[in-house]
Amino acid sequence: MMPQMKKILKGNLLRRTGLGGGYHLLEFTAPGLAGEAGPGQFVMVRAGSTHHPLLSRPFSILWAEGDTLHLLVKAVGEGTRLLTTMGEGEATLVLGPLGAEFPLADGAVLVAGGYGMAPLYFYARRHRCPASLHLFYGARTAQHLLLLDRWRALLPEAHLHFVTEDGSLGEKGLVTAPLERFLKANPAAAGPVLACGPTPMMKASAAIARAADRPCYVSMDEPMACGFGICLGCVVPATAGGYVCSCTKGPVFDAAAIRWEAL
Amino acid sequence: MSDLRTTVGPLTFKNPILTASGCCGYGLELKEFFPLDRLGALVVKGLSLKPRDGNPPPRICETPAGMLNSIGLQNIGIEAFVNEVLPILEADGIPVVANLFGEEEEAYVALARRCEAARGICAVELNLSCPNVKKGGIHFGTVPEAIKALTAKVRQVYTHSLWVKLSPNVSTVVPLAVAAQQAGADALTCINTLKGMAIDPLTWKAKLHTTYGGLSGPAIKPVALRFVHETARAVDIPIVGCGGAATALDIVEFLLAGARAVQVGTLLFQNPALPVELEEGLRAYLDERGIPSLDAIIGKVKTHA
Amino acid sequence: MSDLRTTVGPLTFKNPILTASGCCGYGLELKEFFPLDRLGALVVKGLSLKPRDGNPPPRICETPAGMLNSIGLQNIGIEAFVNEVLPILEADGIPVVANLFGEEEEAYVALARRCEAARGICAVELNLSCPNVKKGGIHFGTVPEAIKALTAKVRQVYTHSLWVKLSPNVSTVVPLAVAAQQAGADALTCINTLKGMAIDPLTWKAKLHTTYGGLSGPAIKPVALRFVHETARAVDIPIVGCGGAATALDIVEFLLAGARAVQVGTLLFQNPALPVELEEGLRAYLDERGIPSLDAIIGKVKTHA
Amino acid sequence: MMPQMKKILKGNLLRRTGLGGGYHLLEFTAPGLAGEAGPGQFVMVRAGSTHHPLLSRPFSILWAEGDTLHLLVKAVGEGTRLLTTMGEGEATLVLGPLGAEFPLADGAVLVAGGYGMAPLYFYARRHRCPASLHLFYGARTAQHLLLLDRWRALLPEAHLHFVTEDGSLGEKGLVTAPLERFLKANPAAAGPVLACGPTPMMKASAAIARAADRPCYVSMDEPMACGFGICLGCVVPATAGGYVCSCTKGPVFDAAAIRWEAL
């Protein structure tokens, strides 16, 4: 009999839906785990069943309800290739929920890039008043902006700011430009900026938020070997000196706690 | 039911499954996944006299059936460990092995002295071979005279079990193992990580900040087994195996090669409750075959020649 | 279209993809899978003065992301190679590198002299490091003085390209690499196999007849890259990479680390037409990025420090 | 463009049928390859798609017709586990046909153990007069004796000699006992003994055939890294001295060519 004091589960793949652009929606049954999860938290998922790939992969929780865990997975390398070709009904190891959550606050400004949208969607779903939120969501092309219907069902259309690098949907360029304009145009509002996406995007968002005197929280995207604090591999340089683990102290950090210049 | 107990010199462990240093923190995170007293012993993250920040990221990357790390021996320092962590572990009743490293002999001696005075440490393990830190001991681990001198000095101040952890980055291990034994080591741990490197072919960047790092995981298991087998035949003191163990059959393989206990490292990252599975798997292996105790396996590999 | 040509000292190869010794026979079987002239060069199975039977089976076993072998350098001998095989390879117009080994310096010298006289060999590669045969050269490969003496003696009788293949089973490679260069080597091949072992946990038997064997395949790639990077910075002669290359991106990784050519070994067993795929993949990589030639990549890894 | 001078193919799994006892019938589309294959030959099949397992696995050809290759695969380790859980429609690397064939001869006596039945079934299917053949087929239990209907359709019932270790079907014991009786009872017949199965069984069959003055051919079961002669890993000790590769000179050998005492 194996004692289970924290959640390590055989997650069974319930459904796998291709979303285009290399993205997949994976739904796992993960009894017990799903119910405890909060927005910003992640799970470690084992890809394949042999010695290679060896380590589990971190994925933000997109949505969790009852016994079901929803992940948004982009196929980028071997691990995500194996995960996004798993057969429905297959089982794999799922560890979690892990890490720190985004602080729930009215009027928060969400900044999402790529799969960084996942924890922010969970945030909006869990929020007592999603209509108070704004979303700035950027991607390469329209094809890479995902689950827009679901977002439209949560936030007023005017609060949805889509940006694409090729201009195929919404504003053309990077998500930081409309974010900056928005914060400048709303100097009195106090909602925090919550960013998740590529590191340069989060770094820029943090600078913009600071300039606008808004609190800013970011979800760091560091390579992880364990996900629960024992390998010390996932560190980010800390303003307080030294390094902090992004799996246990993060992945969600107060942007002011990170020594961005050392990243 | 088979008896899983093993002895490593004067120490008796309830089973041969140990954690590897640097792969289990100080046990506090693992405690949330399984009761620590299911382990034979806990070998904690390498400790130095002063706390250390470690290396800048990136510190890890995956490689075929393995991983590279260059954590840089980040740790809370011996004082914080003894004062804050050890009492918690002691309450769990779990044998604790303190892995130690320093930049000169005096540091090792001072660390061992502190461990001698502390309650709840059953052995110290000298890390002479960490390839991550420029002066983190690599010179101690490759020259027999250096191993001998260091081990002898620590031996003078430390009366409990003294383990010496060997590096695989050497031409011949036997003289090094013999040197450690002669200087009074109670056991040898084989092996630490292999020195390796990886490059991102898309960005052209070295995958580790320090360029070189330590290779661990199943990829190195054949090298680890060879070191265990070679040293077990060269010395009379017990060998603790380490390197890529992932399954109960891997534990059996290490025991057959001559290890009296086996440390599990990298695989804990994949599955933190693995030690419990290994213990149960090993018990089933023995029970199915009617093997009463580990001494019937240890060192019993059949060679062809 | 990018230029895939590379030079290794005085030699120019049409591309940097070579076979590794012992993993391509004498080319005759590979010819049935792809036209050999798609290769940069063919490095044939290690040759000795007399034919050799090799070791009794079992000679191979699989390990995590790798394999162990102890073939024992079975080969047809230099005379049969020169007289019967070489003419066939010459007709294919493929550069042939003869991998040589012996039990004493005189044997290497005699082999090199025979290669000097033969037509159709563009380089010899001295295997100083095969861990399979008890006296198969292991002592030459771990001591700088021994490498120097042997290389110098061969240099005296061999005027074409002289490659020295280094063993990874050493504490520090730099003195060995420097010794080979000083004695007149034209290039260094990094690396041969790592010494390892495996045991069948069900039968308790060593998986190899010789107990220990050589570890190869993707598992050792991080170690191979480290040796390439270390030696490329320590010597002025070119480095030929070898160890676990499996994909075109692996070839790029070896080039970035400093190799001017890359030998593919174990992966040929899985896919004998791999060299063609690697050549095409490498060409696509360069073309997509507008990289005109390999010199823009070789040694260009960006380190953090 | 990749030149293909010998057969390396993306074999597509057409159908996978569990036969019980850990055995599976795998049907691949392997155009070109299947048509050229002869009984006793084998293919190397890649299991999985990552660095582990690394080497392809050898399997005797059970049957080949048109573009379809049939294999009988027993799940014993990681590679065969991955192969026998492959999804239908998935592709993998198949190399072959490789190695030497069993000599076609009237009145041949087939001796099969476990998956060693596969090449002998192919032999019987290809034979111009299968009714002249005898089959001695042994396994642990009745559950491990496979494709009996197919065998019954090929050979007269009286020529089918089934043996199980637990006596659950046919004679109880090892296949070599009835084989020996049969050869003694038919001293005038000259058909060769063709054996494929565990090495001890083949060694015993070779001794029994020699005692009965019958030619004997065996299909050796050695670990293989390449399957086509370049690794020298698959050798067996040769009566002529030294070692011979079982992938190129075998797997089917004249039993007299093998130095059995050195095995």
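As written, the chain order gives the labels A, B, C and D, with residue 1 at the start of each chain.
Just so it is clear, a residue touches a chain if its C-beta (ideal position, glycine included) is under 8 Å from a C-beta of that chain, and two chains touch if they have at least 3 such contacts.
As the structure is a computational prediction, the values presented were derived from the model and not from experiment.
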Number of hops, chain B to chain D, where each hop joins two touching chains: 1
Centre distance in Å when chain A and chain B are each reduced to the mean of their C-alpha atoms: 36
Where chain A and chain C are represented by their mean Cα positions, the distance between them in whole Å: 46
Chain A and chain D, separation of their C-alpha mean positions in angstrom: 53
Multi-chain contact sites of chain B, meaning residues that touch two or more partners: 56, 64-66, 217-219
Touching two or more other chains - residues of chain D: 51-53
Chain contact topology (line, ring, star, complete or other): complete
Touch list for chain B against partner chain A, complex: 22-25, 29-35, 38, 45, 53-54, 56-62, 64-67, 69, 71, 74, 217-219, 246, 266, 268-273, 276-277, 280
Chain D-touching residues of chain B, taken from the complex the two chains share: 64-65, 218
Complex contact set, residues of chain A against chain D: 48, 50-53, 78, 82, 87
For the chain A and chain C complex, residues of the former touching the latter: 51-52
Contact footprint of chain B on chain A as seen in their complex: 2-6, 8, 46, 51-56, 93, 95, 222-237, 241-243, 248, 262-263
